[in-house]
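We call the chains A, B and C, going by the order they appear; numbering starts again at 1 in every chain.
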Amino acid sequence: MTARPAAGFRDFLKMLLLLELWVGLWVTLKNQFRPHITVEYPRERVELSPRFRGVPRLRFHPENGEELCIACHLCETVCPDDCIHIVSEKKPDGKGKRLVSFEINYERCCFCGLCVDPCPTKPLTAIYMSHDYEMADFKREGFVAPLKVLLNGVDPKDYKE
Amino acid sequence: MDRQALIQTLVIPAAQILAVVLVLPLVIAYLQLVERKVLGFMQVRLAPRRVGWHGLLQPIADAVKLLIKEDTVPEKSDRFLFTLAPVVTVIPALASLAVIPFAAEPFHVFGYEVNPFITDINVALLYLLAISSLGIYGVILGGWASNSKYSLLGALRSSAQMISYEVPLGFAIIGVMMLAGSASMVEIVNAQKAAGVWYVLPQILGFFCYFIAAVAETNRVPFDLPEAEAELVAGFHTEYSGMKFALFFLAEYTNMIVVSSIVTILFFGGWLRPFPNAAALAFLENGWLLFVPLVAGGFLGWLADQKLGGGLRLMFAGGIAGAALGFLIARSDVLGLAGLQVPAVSGVFWFSLKVSFFLFMYIWFRGTYPRYRYDQLMALGWKWLIPLSILNVIGTGLMILITG
Amino acid sequence: MFRTEEMDINMGPQHPSTHGVLRLKLTLEGEEVVDVRPVIGYLHRGVEKLSEHRTYPMIEPLTDRLDYVAAISENLGYCGAVEKLMGLHVPPRAQYIRVVLAELQRIASHLLWLGTHALDLGAMTVFFYTFREREMILDLFEAFCGARLTYNSMRIGGLYEDVPQGWTDRVRHFIGIFPSREKEYEDLLTVNRIWLGRTRGVGVLKPEDAVGLGVSGPTLRASGVDYDVRRAQPYSSYDQFEFDVPVGKNGDTYDRYIVRMEEMRQSCRIIRQALDRLPEGDVRAKVPKYIKPPAGEVYHVVESPRGEQGFYIVHKSGEMPYRMRFRAPSFVNLQALPVMCRGRLIADIVAVIGSIDIVLGDVDR
C-alpha cells in the first residue's frame, strides 16, 4: 500500500517546496508528448475487431450464393427481445422449409448475439453480427429490416464534410 | 484649445481605449481557443478542429452562437439586477486595463506621440486594487438575482473568496511598492531597470503570494469553487445564457489577462528583456528576431505532429530549433536586421511573451489540479497567504533598512 | 439578531456529479449538510420481473444492463448462479478465462471510477488518462466477445467461444504497461495536498456502521473489515490464485481511493497468474439445448468491482425462473451515504458519492 505522507524533516521540506505539485505538473506536461487517442469520427473510424457485434444480418453462402437460412426459427425462439420475426413455408419438394419473410426490428434489438449462438448452419451461421453500427434514421419504419436488407445490407451513409 | 492639443488629449486616448476594447475580445476569443488546444493536448485528445483550419474559426463560431442564442431570464428572477450583474462584472475588468503599460517607449503616428498604454497614473496599483474589488458586486448580484439556490451558493462562495484574497493580494504588492518607491506601473518597471534585476528575485515570497492569491481572485483552478461544476452546476452564472453569459466569460478572461500583466509588470520587469542592464545581451532587445523563428519552427513542427498523429514532440523540437536559429541571427546580426528594432515593438514582444507564460500557467494548473474545498480555501488564504505576505513586507522593510 | 434558516436543495436527478439519475434531497445550513435523503428509482426497469418471463440464456443480456460499468462481473455471477443450480462443472480453461475477464473488468471499472471521482473533485485530466487505459481494456473485450459495454460475454456452462488468437499476448502487453500508467495517476493525486485535503477524513464510515449497513466491496474494506468474496467463498477457481486483499484503516474517502488503487494492482497480479497457468481444453461444458434446471433455489455471490453481487434464483419448473432477485452492491452501499455525509460540507457529498462508486443501473435495477 502506498505510504501515507509521514512527518519528518524531508517531508517538511517536500511540503515547503510544493514538490508533489511540481510532479503533477510534470505528468500533464509529459502527456503532451503522447499520441492523442481520440478520432474524428465521421472522417476517420476506429478499426473493429473481427468479432465485433454490430447489426445482425443474414448471409448467402459465399460459394454457391444460396440462402443459408433453413427457417428453423431457433433465433426467433432464443431472441430475448422478440425482435426477429420469421415466416416460413414448406418447400415444394417436401424437404425442409424455406423463408417467406425474415424481419429484424432494430428498435428492439440489443445486439446480444444470442441469435447467432443456436444457428444450426455451422460452421457458417446464416444469421451473423455484421460490422455495421450506423443505423440512425428519421422514420421508425426504417428500423424494421426486411429479408432483402438483411441479406444485402444497406449502403453505408457517407458523412464526409 | 488648439487642434494639436485636442488631438493629443482627446482623440488619441479615445483611439487607445477603442483599440484596447476592440482588440481585447478577439484576444480573449483566441486565448480561449489556445486554452482548449493546450488542455486538449495535455489530455491526449484532439482539441477543436472542425470549424476552420485546425479549429481556427472556432472562437468566431462560439461568439456567433452566444450572440444569437436565446437570452433567457428566469421567471422569478429580479430582472433589472439580473441584467445589470454581467455589466457590473465586465466594466471593472475592462477598466483595470487602463493602467496596464504594454511597453514604455512612445511611438509616433502622423507626427503625434502615442504611448503604448492608456494612462500612467501614480496610484495605479491602488486603482487596480480598488477596481478589481468592484467585480465582486456583479458576481453577488448575479447569484442573488437569479433566484436559484445553486447560484446563490456560488455567489456566496465567490464573495467570501474574493474578499479574503484581496488582503494577501494587497500585502503582496506592498513589497514591490516599497522597493520601487512608487505605485505607478511605469515607474515600477523603470525601477527594476535601474536595479538591474527583476523584482521576482528580491520578492520571491511576494511573487508566490501574489500569484496564488491572483489565481484565487480570478476564480480559476484550483480555486474555481464558485463555479465548481461538479458541485454547484455552474455557480453564480448557472442561470445565465447567451450574451449575458458571454459577458461573465469576458470578465473572467479579462481578469486573467490583467492579473498576468500585473505579475509581469511587478515581478518580471514588464517590457524589459532578461538582465536588462547586461550589455552583452543587448541583442535580446530585438525580441521578435527570436520570436519569429521560434513560432515558425514550433508551428511547422506542430503541423508535422498533426500529420503524423503523434504527441507534440516535433512542435517542441521545432520551437527549440527556431529559437536557437533566432538566437544566432540576433547574436551575430548576419542579416543586418538589428537596425530594424523599434523599442515599442520589442517592449510589447517581451511583455506579451511573459503574459503568455502566466496565462499558460493558468491553463496548466487547470489541467493538473483538483479543486480546493471552501473551508480549505479560506484556511489557505487566512492562515498561510496573509501571514506570509505580511512577513514579506517586514522582510522587505528590513532589507531596505540594511542595504540603505 | 440574525436569524438563520435551513435550506432545502435538490441535487439531481440531473446533476453533473451524482453519477446518473440519483436524486439527493439535501438540507443545508449554509454550506453545511444537515441531512441527506437519497431518492432512487429513476432508472428502474424491472429487471427482476422481466427475468421471470425469460428463459435462462435470455436473462444474461439483462444482467449486462444492471451494473453496466462492470457487465462481465454480472455475467459471471449470473452464469455461476445458474450453473450452481444445475450442478454444472465449468471446464477449467473457461474458469481461468472468466477470471481474466472479471479482473480486467475490475480494472476497467475502477478506472472509470477513478476518472469520474477525480473529475468530481476538479482534476479533469485524470479522467482522460484513465479513459485512455480503459479504452485498451474495452478493445480487449471487443476482441473477445464483440461488444464494448454490454458484453453478454459468457454462456451458462462456460464461454461462447475461446479467446481469439493473440489475445493473451495483448492482455499481457496491457498489464505490462498498466502499472506505469497507474503511477502517473498516483503522481497526480495520491500525494497532492489538495487531493489529500479533499479526501482525508472525509466521509468516514466506521467498521461497525459499515457492517451494520451491509456495505460491501472496497467501501467495506476501506473501513478496515477484511472481507472479500473472492477469498471468503471462492468461485471460478479464485482459490488457485495468490492475491492480497487491501484493507484501509480509517474508512475515509482517501482510504477508499487507496484500496481501489491497490486492487487494480492486485488484479494485474491475478491476471498474470491466470495467463501463466491457463489450462488447455474446452471452454464450454455439455449443456442441453433447452436449459431446464431442477426445481430449487440458489444464492450465488461474486465480488464485483462495487462489492458483493448476489444472484438469488428460485426455480420451480420449466425454462424460466419463478423468482429472480439481484443483490445490488451499489444499492446497499448507497445506504451508507447519509451516515457519511451528515455534518460535512456540500463539496464533501460529491467526494463521498464518488468514493462509494455507485452505478444507478445497479441501484434501481
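The definition used in the following text is that a contact is a pair of C-beta atoms (placed from the backbone, for glycine too) under 8 Å apart; a residue touches a chain by one contact, two chains touch by 3 or more.
Remember, predicted model here, so these are calculated numbers, not experimental data.
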item	value
Of all other chains, the one whose Cα centre sits farthest from chain B	A
Nearest-to-centre chain - CA centroid comparison	C
Which of B-C and A-B has more C-beta pairs touching across its chains	B-C
Between chain C and chain A, distance of the C-alpha-averaged centres to the nearest whole Å	23
Inter-centroid spacing, chain C versus chain B (mean Cα positions, whole Å)	45
Rounded Å distance, chain A centre to chain B centre (Cα mean)	48
Contacts with two or more other chains, residues of chain C listed in rising order	125, 129, 132, 188, 192
Multi-chain contact sites of chain A, meaning residues that touch two or more partners	21, 24, 27-28, 31, 37
Multi-partner residues of chain B (each touching 2 or more other chains)	42-45, 367-369
Interface residues, chain C side, partner chain B - complex	7, 9, 15-17, 31, 118-125, 127-129, 132, 188-189, 192, 194-195, 197-198, 345-350
Of all residues in chain B, those that touch chain C in their complex	39, 42-45, 149-150, 153, 157, 221-222, 224-225, 228-233, 366-376
In the complex, chain A residues that touch chain C	1-2, 5, 15, 20-21, 23-24, 26-28, 31, 37, 48-53, 78-80, 110-114, 117-118, 129
For the chain C and chain A complex, residues of the former touching the latter	54-55, 57-62, 64, 125, 129, 132, 135, 139, 142-147, 150, 152, 155, 160-161, 164, 184, 186-188, 190-193, 196, 246, 258, 261-262, 289
Chain B-facing residues of chain A, complex	21, 24-25, 27-29, 31-38, 40
